[in-house]
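When the chains are written out, they are named A, B, C and D in that same order, and each has its own residue count from 1.
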Amino acid sequence: MSQLAAPFEHEVEVRYGETDQMGVVYHANYLLYFEEGRTKLMAALGLPYAEVERRGCALAVRKAALRYRSPARYGETLVVRTWIEAVGGASIAFVYEIVRKAGGERVAEGSTELACVDLRSAARPVCMLPDELRAILAPTRPPAPPS
Amino acid sequence: MSQLAAPFEHEVEVRYGETDQMGVVYHANYLLYFEEGRTKLMAALGLPYAEVERRGCALAVRKAALRYRSPARYGETLVVRTWIEAVGGASIAFVYEIVRKAGGERVAEGSTELACVDLRSAARPVCMLPDELRAILAPTRPPAPPS
Amino acid sequence: MSQLAAPFEHEVEVRYGETDQMGVVYHANYLLYFEEGRTKLMAALGLPYAEVERRGCALAVRKAALRYRSPARYGETLVVRTWIEAVGGASIAFVYEIVRKAGGERVAEGSTELACVDLRSAARPVCMLPDELRAILAPTRPPAPPS
Amino acid sequence: MSQLAAPFEHEVEVRYGETDQMGVVYHANYLLYFEEGRTKLMAALGLPYAEVERRGCALAVRKAALRYRSPARYGETLVVRTWIEAVGGASIAFVYEIVRKAGGERVAEGSTELACVDLRSAARPVCMLPDELRAILAPTRPPAPPS
């Protein structure tokens, strides 16, 4: 069972097109940063997401929660910290924290729950997570969801 | 005090560019549908969001929660139902429900909390919601957040 | 052969998330407005794009050109005018013009060339446009590409 | 006068949310890759775009052209090559080429023309590019626009 000792960190740089007329990152775009964090974490664990889909299984977001602390601006570098909070029979829960690289101020935090979906069926029912995938995706810290 | 008797409904049609390679609407885009629902609700109440910004006040999303029930696909027409759940001194809470226009199946639901932010200050501190705005934005149903 | 006499018009309303920190619509989003214009035109001609994909054929954008005249802002209603400029053996060329609904000022114009791609093949080679599709998609005005 | 000897290269990795249901990068997103290429080039020349806006000047895209050669897929790393093609009194023209990092296959190419816009005026008229900016942004190769 792979496990990362330290929190998994990935840097993203805010793009111009990710801002809105308030002059800060548009709130929906944090879900893209979360996604980038979790796919990088999965790749670091040896399970690139593209490999998951090649096995006929997609991880569909079923639930998401976000808490915005401080606005991020164009050109800033953000650090996305990602943890696997829980791995169920057919789902995986991730927790995220985004901080400013310069200074470390908290920008946002959140969580997503992903369900395993059968890509080979047109109806795409929820399916059990293959054992070999579950073995790789062990929780990376004790559960502590953002409040 | 304006108040809408029935749930406020707004239709959106799924754009091609809003799908992802899973063949369904990319999960972050539901936040755009929520936003469209709430801006249409505000306009229906006589307070277009652009008018809010002209008064030097922005409504910044501070919290969001989403629950995905059934995937939406390109070309489908969705109905976004939006309610004002609560109006605080410096924030407004909205609740949403998205259903398929054809058949009425539940697609997603969620909530967002918006904080009033002072656009005239570079630091953009949270500020009190002007009284005349709060008068317009009364809750449109008893609180019942998505679980 | 179906043919629209007048220019085909479709309205879009600028969403908040489509703006950037310059306070105007982010330039890439005009390609989404063009797309909405052409899919609405195709539907009006009796050939919804979803139907094209159901026949195993996708229309992939191969070329695009845009000319920005005047910035569009959040909340504005825009009118997208779309024409079919040319229909080749394996491609279709569309021309677009976007104007402000209020006042009619020119906002942007452009063109896209779409190639017919075989969705049933993993390699997705360019394929001939089925005759029954080509019959529907006749040019809707004499060629006059934006300069 | 700064000048880069070799073509300026910047890597981007395709995000899941940048794909569409065709299973490839949505065509509008290449404009974001172009933008990332040109802002990285400007930063490398010692003129970060944020600095341009701090001087009260925005660079607004006035024209764009794209040619798509081969679809890019989720997870792939792309190399964006950017050149400054021409610097006029009030505008700058950039040329781009995107290739697959693995193998070097051509994915897309294009150009954008940016106009200098006065951010301090509500009307945002086109203004002359400040001399000190023009001095930095010299063309980085002989003009050879994509056909």
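The definition used in the following text is that a residue touches a chain if its C-beta (ideal position, glycine included) is under 8 Å from a C-beta of that chain, and two chains touch if they have at least 3 such contacts.
Nothing here was measured: the structure is a model prediction, and the numbers come from that model.
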| item | value |
| --- | --- |
| Maximum centroid distance from subunit A, chain identifier (CA atoms) | C |
| Which of A-B and A-C has more C-beta pairs touching across its chains | A-B |
| Computed distance of Cα centres, subunit B from subunit A, in Å | 24 |
| Chain centre separation in whole Å, for subunit C relative to subunit A (CA means) | 34 |
| Sites on subunit B at which at least two other chains make contact | 16-17, 22, 24, 28, 31-32, 74 |
| Subunit B - residues contacting subunit A, complex | 22, 24, 27-29, 31-32, 58, 60-68, 71, 117, 119, 124 |
| Footprint of subunit B on subunit D - complex, ascending | 16-17, 19-24, 26, 28, 73-74 |
| Residues of subunit D that touch subunit A when the two form their complex | 15-17, 31-32, 35-36, 39, 48-50, 74-75 |
